[in-house]
Amino acid sequence: MPKLSYLKALNRALGDEMARDDSVVVLGEDIGVGVAGVTTGLLAKYGDQRIVDMPLSEQAFTSFATGAAMAGLRPVIEFQIPSLLFLTFEQIANQAHKFSLMTGGQTKVPVTYVVPGSGSRTGWAGQHSDHPYSLFAHVGVKTVLPATPADAYGLLASAIRDDDPVVFFAPSGALTVRDDLDFASLAPVPIGVGRVAREGTDLTVVALGHLVHTALAVAEELAGEASIEVFDPRTVYPFDWAGLSASVAKTGRLVVIDDSNRSCGIGGEIIATVVEDHRLLAPPKRVTRPDGAVLPFALELDRAVQPTHEQLVAAVQAVLKS
Amino acid sequence: MPKLSYLKALNRALGDEMARDDSVVVLGEDIGVGVAGVTTGLLAKYGDQRIVDMPLSEQAFTSFATGAAMAGLRPVIEFQIPSLLFLTFEQIANQAHKFSLMTGGQTKVPVTYVVPGSGSRTGWAGQHSDHPYSLFAHVGVKTVLPATPADAYGLLASAIRDDDPVVFFAPSGALTVRDDLDFASLAPVPIGVGRVAREGTDLTVVALGHLVHTALAVAEELAGEASIEVFDPRTVYPFDWAGLSASVAKTGRLVVIDDSNRSCGIGGEIIATVVEDHRLLAPPKRVTRPDGAVLPFALELDRAVQPTHEQLVAAVQAVLKS
Amino acid sequence: MDSAELYRTVRLIRRFEERAIELVRSGEIVGGIHPYIGQEAIAAGVCGALRRDDIITSTHRGHGHVLAKGADPVRMMAELAGRVTGLNKGRGGSMHAADFSLGIFGANGIVGAGGAIAAGAAWARRAQRTADAETGDVVAVNFFGDGAVSQGVLLEAFNLAGLWKIPVIFVCENNGYATTMPVEAGVAGSITGRAEAFGIPATTVDGQDPECVQAVSEAAVIRARSGGGPSLIECMTYRFDAHHTFEHKARLNYRSEDELAAGRSRDPLDIQGARVPSDARSRIDAEIEELLAEAVRFAVTSPKPDPADALDHLYATGLRVRTGVNN
Amino acid sequence: MDSAELYRTVRLIRRFEERAIELVRSGEIVGGIHPYIGQEAIAAGVCGALRRDDIITSTHRGHGHVLAKGADPVRMMAELAGRVTGLNKGRGGSMHAADFSLGIFGANGIVGAGGAIAAGAAWARRAQRTADAETGDVVAVNFFGDGAVSQGVLLEAFNLAGLWKIPVIFVCENNGYATTMPVEAGVAGSITGRAEAFGIPATTVDGQDPECVQAVSEAAVIRARSGGGPSLIECMTYRFDAHHTFEHKARLNYRSEDELAAGRSRDPLDIQGARVPSDARSRIDAEIEELLAEAVRFAVTSPKPDPADALDHLYATGLRVRTGVNN
């Protein structure tokens, strides 16, 4: 079977959706030449009225997409940096997100915001290394964070077809992941449905985005000690509480690994929700970024504020023991 | 003893800090005439170089304050609407918050952002009714949310004197609270230190902002059934984990009432952190806004998506029983 | 629109606002309103130049625009009163009233927010136009105040509109103040200059005279429909009443009595009224009184929403999320 | 600055960038850089007109500005290599290099972000000025690219600067592209027109000639210091190298070979070099080689930060917060 990288899966999904539906247009910076790789080849195929290079006016083009969406198009925005979501927070959280309810359901805003390369980019320092998916889970904008090429394909397709705004995080740490895939098997993956990435019976690790791969490696490494289930929610919001509940009901133990800042991150939300509903066999644990983290530039420091394999091993072992 | 309202306490704290320190300046819309009441009388006293009316350029004046702060002033910004924090999220979370670390400690950004009237304003609808303090707890900007006039005074004074950016939420639901106070007793209240608003032994209710008053009323109402401790963190970030831990260690039961959207709100963070460290006697519960809430306009609906007295009673009773 | 129709629109808005203020006072409208009184000529004149399928985006002071674009005053009043029969089923209220079937893409609570939305909508309509359409492009109008021209996202929207010659018309209602801030204190340079800097032609017009506004708007509409690109119209006007009804209870003292009297002396109702024969005028006035009596009656007697439905429409897909309590 | 000093600055920046690119290639600098090569005349000329206590805010392409304002190239190189001896103790890197002791309020990773910061800093300095000061106001300079003039917050900053006649100078480095977007595709109207719209006088200058840039800057500085208010200088220039070093590995094909050759033909190093006697020039060149050899040596031999200190300086107060694991 051919290999497909995560980045190529995004490119393929976008191309397939543009072919499928004329109303899909893409807005972003340097997408014509395809600097980020997501739009490679699409300008030649679909022209500059559907692959539209944008000036550095992120706020305006975000609301421009909202207007276009309410007029019937399905815009996809590519943002070059995760923190551009801070810059456009008003336009996403206060405009796009609110139109449906505020108008009593008169309109819908089917816009997808894609951030290829979220989280640390290794050496891009404080303003280019954020991983702010939990912010969108808080305000309630649908948010996906696929870990694999197949899910990247499937969730981008679903995001574009969804009638609500969806933020799509493609973590830097996953962009180069390549999987053997039958291309014919690529298909939409429903928003809000997680998957058990590895079955186990003793402890559930919930891992998000690129950290799913870390969790799988840890589960394998500790296979002699315990049977670890890895749950990949794939969607951060709306979260697949039923899927997670089934896993935790089986294992009774929980560790979360999450590249969010600790306070008010999805990691904490997962723990809170689980303990409200389940009596666990041991107190749960989280491996996250520190509170309020700003990624320092130097590589050693950048790495030191991201969740690690070793931290996950330690947390899993501690929870197994208690 | 004279009565002091929450709003007047803000006005007094601001005036006292301006008198104490020449470098305190206030930037905001309509602050000269004092539309919101926080700056009443200060223009006449301090002139238009320290009470500076701003045009509708929130992003620029937020970073303008950052520049002024790095040049040695202590700006206070008054925002007219909670969602202006969405509009200026880039300037606060990605600029003001990050300068200290990114410059290796060369500079500091002592800016205070005050939102008088956060949360629902009763009939101001979807874009004027947010209560986004959990967002700042996530990105790690110091965030205070006082419930009483004395704490409003004390935390505003501390916020202004603090060398880091601080977001100050003054909930609509607390602005008219009035307390008997010896004005001479007004003093700075340290950021990051909670208080036990009512002592109890059976269950801890953590209540935030105006909901402290709801929690006190519930504790009183249920006094015959149980002895309820009400913990008012006062600061949302950095949270007083030690103070809360002491309370929960005593009571063994926890309910949180929080006007945040449920997912990734401080309510979930509190529950997660507590269960990581404590074995509770019963599963904890939260009373919050719904996931992703947008406040609908009609009064009945606006009220229906905010945490209520009745919901807290039900949650407390359920936790006491289980 | 002919003179009588323009008069009718001005009169309708004026009386609508007056009746709405009564309902604010009586508590039927919660949260207050930003009255449009004094500025009616702008909404009337601009919308008088538009087609039904044209689009508008509006502001916190939006009742006039919404009514002039054709929204039903009865359902509009019900919206202000928070009833399920309202335009937005009571979910939006004064600052978010919308009627997408008439191209009314909503009032907006955030100053400056409507410009990029209007530009995007107009751009989308142009993209959707079938080759055989001979009616010209759909035009979008974005209304905003003098305060909004200092808002970054609006200036960014000027850039997009200027670059791609989008059929959008920016209508600035310069009423001299952003809440209490005089325009001179808030705007360096000029309002028209800000549009021109982005290659957008701009004119200033008497915003108290509906026919002047309509004439200038018609020219801008023709230009936009035929691919000539965006334009900006600065309408000089005056807000006769409070920034928001909360001001009725607060003495803010930012406008002198003299200034108020001078500002109110050029009333669009009189200016346009003088152009309509008095019998026609009386007939129109009577019709409007009747319509608004019905609007008020309908508003206060319509059912209030059921709290159980508070999260209806939160997601267009109908997604149901967790409530605020453990179940 | 005299001709030789200007030459020195241009040469220093050029060679600094070339040495830095070598370190990117060898992996000593992680994350790459945005090379300033070709644009050196602007940093040299503008900063040549400034005092030590004046302030600058810079961009993602900031090395030239930081060096021209006087930062130590040795500690700067160490910063790019992420060492504790760097300007920012290795916490900032290329996009955040700063030296507050020299008024360098930092490079910035967000396009357009520096304008309001510079305006606020200059406003604060003016407010702090003691009555007896006779040296005139401190001036702040905000550097930015042609892409930034479409960024809302920068346009808002123009408004504040224009309104309050703040001693700030906006220096636009128009190198023809925002990454791959040609300036004509991104900027409706003109860059100077955008400043003028806010009452800010603007001039366009040859950005390849350090003396031209310095002369125009001196005039703007005099004006700003003496209460005359802000100005904008548009410097026409060309980026000789990649947008970012990642482009060295990717063929993006947005600039033709002909265009590149034409753009590179006006090299500030040659233009300014021609004004300096060749022996002086050789001496300067040799000094710079030595200095940069030391910078590279220092950078690659300085200690790397200790991971245990990763959260140092997160809060100016020294507040310690929770780490990412349960303890």
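For reference, chains read A, B, C and D in written order, and residue numbers begin at 1 within each chain.
Assume contacts are C-beta pairs under 8 Å (C-beta built on N, C-alpha and C of every residue); 3 or more make two chains touch, one makes a residue touch a chain.
All of these numbers come straight from a predicted model, not from anything done at the bench.
Common neighbours of subunit B and subunit D under the contact rule above are A, C.
When every chain is reduced to the mean of its CA atoms, the largest separation from subunit C belongs to D.
Averaged C-alpha coordinates put the centre of subunit B at 35 Å from the centre of subunit C. Per-chain Cα centroids separate subunit A from subunit B by 30 Å. Averaged Cα coordinates give subunit C a centre that lies 44 Å from the centre of subunit D. A straight line joining the Cα centres of subunit A and subunit C is 39 Å long.
Annotation for subunit B: residues 55, 57, 59-60, 83, 87, 90, 94, 101-102, 125-127, 140, 238, 263, 276-277, 285-286, 291-294, 296-297 touch two or more other chains.
Touching of two or more other chains is recorded for residues 88, 90-92, 96, 108, 110, 150-153, 156, 159, 163, 185-187, 311, 314-315, 321-322, 326 of subunit C.
If you sketch which chains touch which, every chain touches every other chain without exception.
Within the complex, the subunit A residues that touch subunit C are 25, 49, 55, 57, 59-73, 75, 90-91, 94-95, 99-110, 140, 142, 162-164, 192, 238, 241, 276-277. Here subunit D touches subunit B in the complex through residues 55, 57, 86-92, 96, 98-101, 105-106, 108, 110, 113, 115-125, 127-128, 140, 152-153, 156-157, 159-160, 163, 311-317, 319, 321-322, 326, going by the rule given at the top. Residues 150-153, 155-156, 158-159, 161-163, 185-190, 193-194, 196-200 of subunit C touch subunit D in their complex. Residues 29-30, 32-33, 35, 53, 55-60, 81, 83, 87, 121-128, 262-263, 285-294, 296-301, 303-307, 311, 314-315, 318 of subunit A are the ones that touch subunit D when the two sit in their complex.
Taken together, the subunit B residues at the contact with subunit A in this complex read 83, 86-87, 89-90, 93-94, 97-98, 101-102, 125-127, 130, 132, 134-135, 137-141, 237-239, 260-261, 263-269, 271-273, 275-279, 283-286, 291-294, 296-297.
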